[in-house]
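Before we start, here is the structure in question, set down as structure tokens.
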Amino acid sequence: MFEACADPRAIEGLTWAACYLTSGKHIDFYLSFLTVLLLLAITAPAALGMGFLGATAARSHIAPVSWLGKVYIWMVRGVPDIIFFLFFVIALDQVIEYAKSLAVCADHAWPWQGLEFRVCPEAKVPLARSSAFWHQAYGFMLAVVTFAIVFGAFVANVIFGAMNAVPRAQLETAEAYGMSRAQVFRRILMPQMWIYALPGLGNLWMILIKATPLLFLLGVKDIVFYARELGGSKTQAYEYPHGDWRLWYFLALMVFYLAFTHISEIGIARITRKLSHGQATAGGDALRRAGG
Amino acid sequence: MSMTCWETIQAYGLRSIGLGENLLPRSDFTLCQQFTLIGSGMLWNIYFGVLALVAGFFLANAIALAKGARNPLIRKPAEWYVFIFRGSPLFIQFFLAYEALVLLPNEFTLFGVEVGTSWTTRAWAGALLVLFLNTAAYSAEIFHGALKSIPRGDLEAAEAYGLTGWKKFIRIEWPTMLRLAWPAYTNEAIFLFHATTLVFFSGFPAFGQMGDALYYANYFADKTFNPFIPYPIVAFYFILLTLAVTFFYGRVNRHLNRHLPSNTRSRIRLRPQLIR
Amino acid sequence: MKRLLIATALVTIAGAASAQDIVRLGTEGAYPPYNFINDAGEVAGFEREFGDELCKRAGLTCEWVTNDWDSIIPNLQSGNYDVIIAGMSITDEREEVIDFSAGYLPPAASSYLALSADTDLMSGPVAAQTGTIQASFIAENGMQLVEYATPEETVAAVRNGEAVAVLADRDYLVPMANESGGELVLLEREESLGGGVGLGFRDSDDALREKFDAAIKSMKCDGTLDAMITRPEYFGPEAKTWGDAGKEGC
């Protein structure tokens, strides 16, 4: 990046450190933080949406819908998410390509042949001749969808429990006032549900942040990938040889995640305060005593 | 030399703890072999999960109380502990713990006794330590949140009955906290069991090819080049495990809620008016 | 679901927009001097130069992709890339699922790296990378195996005492021993494993494999392959080469 870095073997000390930390691979490392943030920005609302759908479905009075919701919540809860990621991503990829092959392929051969999955070249998603960017973007999209489905099920479970935790007295009072079921849901259940859901949802947001290293297992070049890659000892074959620095790189990742979760905790605390106003809970009490 | 399924189970049933056939199957893979080996790997997952949860429960209660303490000397360290273990990914915690434990001198003398430390980097010890600390931190946060959510009416009723201090805590606050926390704690227990699959993927190597269920599933997926059998098998075992955990926790939940009216619409409940 | 369809459509359109047919070469990127990712973030090493040369000779446009060792074969079959070029030894086990090209590196020795020259291999665990022929060898020969995901971690294990030795391709370990300032030494004992290094292809990709086979043959015939192998930054002048055997049938 800088001219002084043209010959890494001739420099040392702070200059070496500066050149080392701005090498091409390090720039890729810094950019990979954006990949992680992008994943979170898309997955969180998607998971919340899926969770809400799942919880509402599970509470429905229509038996098949309720059954579907409950199976969704339960199936994904039952399987460790790492297995889901390892397996589901390949399966989803193949299902998409199979669907595409039905549309664009001349022959409609069954793609699963023995150990291979074969579709005509036009059905490949992304196409083999697309640039590396599209392949990475597609892999990323698969990861997002998988994350949203997995965490959506957990969110559904928390929201389901929270909906059940709203004191029945509140709902009965609302009915006594003549509100319809939909009105009770919208005006009483939903706003009051959040305070009960918040500890669980807050926990899940933290868990989602912490699950982002799974991107690395899916072959996406995320921050864990680069930390391992950059931290391992390097021989003279490399421009910047060094010893085993993995401990330091992972400490740096630790600091990043701690900073991120700290900001999240502050945000969640603010929301909890806001929702605790006027609530007959110990938390609401504490606010009243503190004059908040 | 093809074995019947029963012989396979005898040979590999306890392979994950080093008993049985030494060499893992390298060709002619059968479904029985996969079920058996992956099932034997579940021993590790259950070991990690149960021990970490049980020990973690006690630590979590202590930390949850410490977080609510007025004395900052007690509160601050608890907050920092929860912050560090909740705030960073388990993967990174495993890795850092492994690297740090590896850096420990192999032996040192403590009060004239030679203490060897190489066992700390083994998964059964080092990973268990990380899982224990990790789940205690998450559970502490859940319990602490539940403590704050106890309905004021319950606390005032307790005081009206003349229960104060420790009595109030152990008879009213703590059971209510547990009841309110239980759904989220069930989630946490399930997450913990699921997290045990990360052990052999991050930092801690498998000595003598003794690993957990996912380790063996990975082995078969690599060797057969077909992930569509071993991974669903692990998923199957974990669904069974989750069923067991959910059943057990559900029983406890019923026990905790036994004094409350059920949520069915048709029941008439007698309930003291909540004071606003 | 709708979002998924739109995303797929966008990706397809964008894919169709790029004009040329690209062959994608998959490598590990963690195994110098065979292949590694240099500090500029690009694939480098013997296989980088070799692969580029093959593509030139076969008249193909090639793109490089990196992939973890563990999933390198399944991802070939899923179509993430078209060729595996990652120091992969030709073995019967692998032949069952993928097709290999003609070998481009003759079978070379695997060595042990340890903290001292008289290490007893039975006295503790021996490290190897998961899913390699060395790992299988250790398990089959009564030594206690400890596996790691990347080659560098296997050497780190020896350095910090987790393993008494590591078994890996000799060409990978020699620079480690040389640069360790005497801390790490190669044992005298060597093993001869695998049938040489070849390119990996899907079973159905015979046409592509034949193009690469022809290019490899041409490089053996005119001696450029041997010259590339013996370069000091790759395997050095003492490395095994094809020599006259490679020139048969030119």
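Letters are used for the chains, namely A, B and C, taken in the order the chains are written, and counting of residues starts over at 1 for each.
One rule holds in what follows: contacts are C-beta pairs under 8 Å (C-beta built on N, C-alpha and C of every residue); 3 or more make two chains touch, one makes a residue touch a chain.
This one's a predicted model, so the numbers in the text were calculated from it and none came from an experiment.
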A-B or A-C, whichever has more C-beta pairs in contact: A-B
Centre-most chain, if every chain is reduced to its averaged C-alpha atoms: A
Whole-Å gap separating chain B and chain C, where each centre is the average of the chain's CA atoms: 39
Intercentroid distance (Cα basis), chain B paired with chain A, Å: 21
Euclidean distance of C-alpha centroids - chain A vs chain C, Å: 33
Shared-contact residues (touching 2 or more other chains) in chain B: 103, 225, 227
Multi-chain contact sites of chain A, meaning residues that touch two or more partners: 90, 115
In chain C, residues with contacts to at least two other chains: 74, 77, 97
Residues of chain A defined as touching chain C within the complex: 8, 20, 23-25, 27-28, 90, 93-94, 96, 100, 115-118, 124-132, 134-135, 137-138, 141, 145, 219, 228-229, 232-233, 235-241, 244
Chain B to chain C touching residues, read off their complex: 22-24, 26-27, 102-103, 106, 118, 121, 205-209, 218, 221-223, 225, 227
Interfacial residue positions of chain C with respect to chain A in the complex: 4, 7-8, 11-12, 14-16, 18-22, 24, 29-30, 32-33, 36-42, 45, 63, 65, 67-68, 71, 74-75, 77-80, 82, 97, 150, 152-153, 155-156, 159, 175-176, 179, 202-204, 233
Chain A residues touching chain B - in the complex, by the definition given at the top: 75, 77-84, 86-87, 90-91, 115, 154, 157-158, 161, 164-165, 167-169, 195-196, 198-200, 202-203, 206-207, 209-213, 217, 224, 246-247, 250-251, 253-254, 257-258, 260-262, 265, 278, 280-286
Contacting residues of chain C [partner chain B, same complex]: 70, 73-74, 77, 93, 97, 125, 127, 130-131, 136, 139-140, 142, 144-148, 157, 160-162
